[in-house]
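Before anything else, here is the set of structures, which you'll find just below.
Look for chain A in each of the two complexes below; its partner is chain B in the first and chain C in the second.
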Partner chain A sequence: MSQENSLEIKNLNIEYLTRSGTVHAVKDASFSVAKKETLGIVGESGCGKSTTGHAILKLLPSNARAKGEIVYKGRNVLTMPEKEVRHLRGKDISIVFQDPMTSLDPIMRVKDHFLELMRAHKPNVKEEEVIQTASEALEAAGVSKKRLDNYPFEFSGGMRQRVMIALGIALKPNVIVADEPTTSLDVVVQEQIMEVFRHLKKTKDMSIVLITHDLGIVAELADKVVVMYAGEVMEYADVYNLYKNPLHPYTQLLLKSVPNIKIDDMELHHIPGSLPDLKNLPPGCRFYDRCPFAKDKCKKEEPPIFKVDKREVRCWLYE
Partner chain B sequence: MSKTESVVVVNNLKKYFPLKIPWLEALRKKEKPTVKAVDNISFDIKSNEALGLVGESGSGKTTVGRSTIRLIEPTNGSIKIHNQDIMSLKGESLRRARKNFQIIFQDPMASLNPYMSIGKSVMHPLEIHNIGSNFKERKEMVLELFDKVNLKPSKEFFNRFPRQLSGGQRQRVVIARAIITNPKFIVSDEATAMLDVSVRSQVLKLMLRLKDEYKLAFLFITHDLASAKYICERIAVMYLGKIVEVASTRELFEHPLHPYTKILMGAIPIPDPTIKRNKIMPKGEIPSPTNMPKGCRFRTRCPYAKKECEDMDMELTDMGSNHLSACPFIK
Partner chain C sequence: MKLKTYILMRILLSIPMILIILTIVFFVLRVLPGNPVLAMLGPKAPPQIIHAMEHQMGLDKPIIVQYFIYLSHIAVGNFGTSSYTSLPVLQELLQKFPATFELTFYSMIIAVFIGIFLGSYAAYNFGKPMDIFARVYSIFVYSFPVFWFGIMLQLIFGVWLHWLPVSGRSAPFMIPNHIYTGVYTLDAILNGQWDVFTDAIKHLILPSFTLGVVISSIFVRMVRSNVLLSLSSQYVTAARARGESEKKILFKHALKNSMPPILTIMGLQFALLLAGAILTETTFSWPGIGNYLITRISYRDFPAIQGAIVFFAFFVAVISILVDIVNAWIDPRIRY
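Showing the complex of A and B:
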């Protein structure tokens, strides 16, 4: 891995305390994002990918307990006081949420969103400067600057997501976390948004953490991929090797269950069974119940991360 | 294609939704403004055939699905299912006919009554259509079907409630309920859209298996071309209330003709990082259906649009071997 990491996550553990028990949402997640790199976090619902993403900006709800380290510029975001984290958000690390309608304030013009964002970091910022920055950011995200005075309801879903991205990149952050940025959009619009990200990758010095359930999007955008299952990083590899030669049985099965339009008469697989209960986890491997290669050892002992030619995989098969 | 063997024959289906306008304006205008959600669509489906209906949101694909089985009243058109004229049916006779056509919705949690055990839910259609003579017989039928859709052990599942099931299991219950009356025609409206990847393929496989086993005519509505490719023999692509292209699945993927189809195909992310494609991007976004462009509805976004596109109508023409396209300029 490259020396210049903009973000390093070490042994991240996140639990949610709920009335019916403790939910072990993320366990021992470690990975890093290098400068100018796009890291994809992929997994199915309930795998902890969004929780991980939100933890990067310390945006977890109050019943969450996070342990471990999220190192940004040599400091652990998790132990930083809230006041300092506020300085990071938007300026150093920003986030684009899944649902652009609920993420934008319906009674604020697009311009006001930028104003609010910039005032948070620079209280006496001039309006001209805001408009200048906002226009540049909107242009980069493919929105005309003429629309600065529009309200969110005047935009379509795709355009709103572009505004969200523009807000995310306005202050030129080093890291942008994109949490399912295209999930609520149509394929064609999705492609247009992906084009925005491709353009950002080329032109801006940003690291992108792309959270998605769509293996197709990861294949098109990411450089490195973290595959999560039931709160654990099951596999961590560069995108080419991961798709060519998936190591973890879960990754293998997942890739075989996505229909691919480039393959004729594809035989689809599925993964029998369902996610383990995150409140009441079995002692061994979390994928044990659904794994076709499961052994006795997998049931009793939780596998650690094994290194296989610069890749990481959490499976006893690679002991 | 001879029409006699088709289970479903839909001709010139139209569904216009009236628009709300101020009453004074309504008085002045002779023609009431409408949204042409479905504008003159014809298709047919044979038994043991799945027709995919793909398009973006707002293209009218759900409206086609629902008006074909008269869940919403079509404005105009003729619908024949299993040689029965569906448009002429009313009240009780329509209700009786529903035995032959069923629908699977997107959200299984919303489709199932949370206070009813799934066994009872699936048994309900049998009671409505008077199939089976008593509870025991009906329960047998439900249990048998539960085995078929892989809800095993079926006896245990019979008494469970929707909240006790996973998303994939719930959708299999909904499928079982649709299939229990032994219908000839099934509409599946984005039935796999809400499911996770590992579960989605299982439901897709199940639908394919049931289609073969029950010789179903299947209308598979989806925005996901990859799923459509897996399930369907033929695919129809919709854009703003019109079908722009119909062809056999293989033909459509090998030689897409209509510019919109090409764009749609280029937009699908492919789970293989080694494949890099030249993508054609459309201009802008889908126009508002209340203010549709004149002539070809796709021309405002079409990268190949020219002057002639303004005054043509989007009629499907056969470009050879049953490959229909609404764009006369690209052959």
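Showing the complex of A and C:
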């Protein structure tokens, strides 16, 4: 693909080996993130979006097995030696986690987190330089630099997430992975954190991989969207076309389930049924059980990716 | 509450604690059969002599009166005189204490070292051979009786290999010229007597290793389970995501966050050992507090036993206050 992509994911497969069997968390996921682009990954809980996000930094737990390619600057992160991956983390690719309450080390000052981040990549960095960089990053994330000497427990959840974002952007990475950055926060704070991301998108030259189940956030911020279901990419399209004309039945139902106060529809739509067991997957389409358009073929054969005018969709309807 | 106020509170609170322990020991000793006079004079002594001695020692007074007399003495720091040696108890305790302290100190160094490193690496390599080794080690060592392990080491390194002495604190005449602290290794260094120092170390190796290894089992398990818990925290993954090295993740994040409960256990263990590692001291004929207590129990030396117990309670109180201070220093969330 073109040189403009900052991140390319090809045929990513991730399995978790557990005592009760192998969990097929991600299957054959392929997508790319262009420079300065925001890619949204959406799907319900347990569909493999966070696993994909963590795999980008090779942060999966030790019982995970990842195959395929995650190409950054022409190299596959998955096969890179641990020591080299370490130098990408935080400097080239960074991540903001779902739960800000537990993401900061409780016994370290905010300043020490920045010190650690910068020392990891530049061992003899001066403290003034760290404070300078940290102050700028905190300012960009909406935290006063006066709070550098505070401990995490002295911050609210929203403020901690701002600190995490500041840590994520401090070294001006090319890619920042935001793994459900607002999920554990209350609505008002969610909006404030999204404001930070809006600001980052406008002012910083970096690609954002935004993992969320909030379709509203994706509609607003993302340029391209990956819709995942049970570990598979079901639809991959630019945000405008995806919302205007969703192709995959799952995407259609997902968009329908967003409550809309503008139309006179008081019913709350949901998708009946639940995710298939990832340890024991059916042979056909993974969405078969819940799909209103399911055919016989869907039960027997797993659909491949079909291309429909530059968009990708995994459904037999588009054969 | 400020740390200073807290420490003051803790000191005040340890007074009733020591008082309760003292009361229990005082009454239990007197309820149990036997008393110092009988222990000294033997079963065939004529009753009038027994009565005369009991009167002289105040043992014929009602127990409650004896109790308040003792309390009034303790309150001004008077531990009484030993009924066995007629020496002041406090002086005897202070004379025995450095030996116990020295043994405990070196044992703790060994135990903490094994505990921290084996425990941390086991947690880091959860489920791998290193972890399995640590688990087997701690169960195995925990089930060692101290005296059996001590005797085995004496047999191997003392009797068979002739590498190390098997008992006592020093060889004859290998005593520091000038006693500053009573801790031989320290006094030898202060005096510049290197032969005395080497001799003291040689005598320390077997007992401190015996004790250190046996205690290390608890430390290994404590450190392992606490570090395991910390390693699964989000902040560990977050530190890794900042590019931190695995070694720093293990020691700077996981271990340091696990320290408060570990330190509490280590501190209590240290205090318990200062109270006399009775079995170890007996096995190695170590002239410390543990040995002292065992001897005095057989002579029903009431003031000595009571004094020793108050002494122990004092150390437990002091060390647990120290542990609290260190914990507050490590973890900023701990406020008193």
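Just so we're on the same page, the second predicted complex is superposed on the first by the 309 of 319 C-alpha atoms of A that agree within 3 Å, B and C clash if a C-alpha of one lies under 4 Å from a C-alpha of the other, contacts with A are read in each partner's own complex, and residues count from 1 in each chain.
Criterion: a residue touches a chain if its C-beta (ideal position, glycine included) is under 8 Å from a C-beta of that chain, and two chains touch if they have at least 3 such contacts.
Remember, predicted model here, so these are calculated numbers, not experimental data.
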Simultaneous placement of chain C and chain B on chain A, clash or fit: fit
Partner contacting more residues of chain A (chain B vs chain C): B
Partner chain(s) touched by A:R89 [first = chain B, second = chain C, both, neither]: second
Chain B versus chain C as contact partner of A:S144, first or second or both or neither: neither
Angle, in degrees and to the nearest 10, that opens at chain A between the C-alpha centres of chain B and chain C: 80
Touched partner set for A:L215, first chain B, second chain C, both or neither: first
Chain B versus chain C as contact partner of A:V189, first or second or both or neither: first
Touching partner for A:D105 - first (chain B), second (chain C), both, neither: second
Which superposed partner A:L57 touches (first chain B, second chain C, both, neither): second
Chain B versus chain C as contact partner of A:H269, first or second or both or neither: first
Which superposed partner A:L117 touches (first chain B, second chain C, both, neither): second
Shortest CA-CA distance between chain B and chain C [superposed frame, angstrom]: 8
Overlap of chain C and chain B interfaces on chain A (superposed complexes): none
Contact footprint of chain A on chain B as seen in their complex: 56-57, 166, 168, 196-202, 204-205, 223-227, 229-230, 250, 253, 263-275, 279, 281-282, 285-286
Sites on chain A touched by chain C in the complex: 57, 59, 82, 86-91, 94-95, 97, 99, 102-107, 113, 116-117, 120-121, 151, 153, 164, 167
Parts of chain A lying in touch with chain B, wherever the complex brings them together: 44-45, 156, 158-159, 186-192, 194-195, 213-220, 239-240, 243-244, 253-255, 257-262, 264, 266, 268-272, 274
Chain C residues within the chain A interface of the complex: 233-235, 237-246, 248, 252-253, 256-257, 330-333
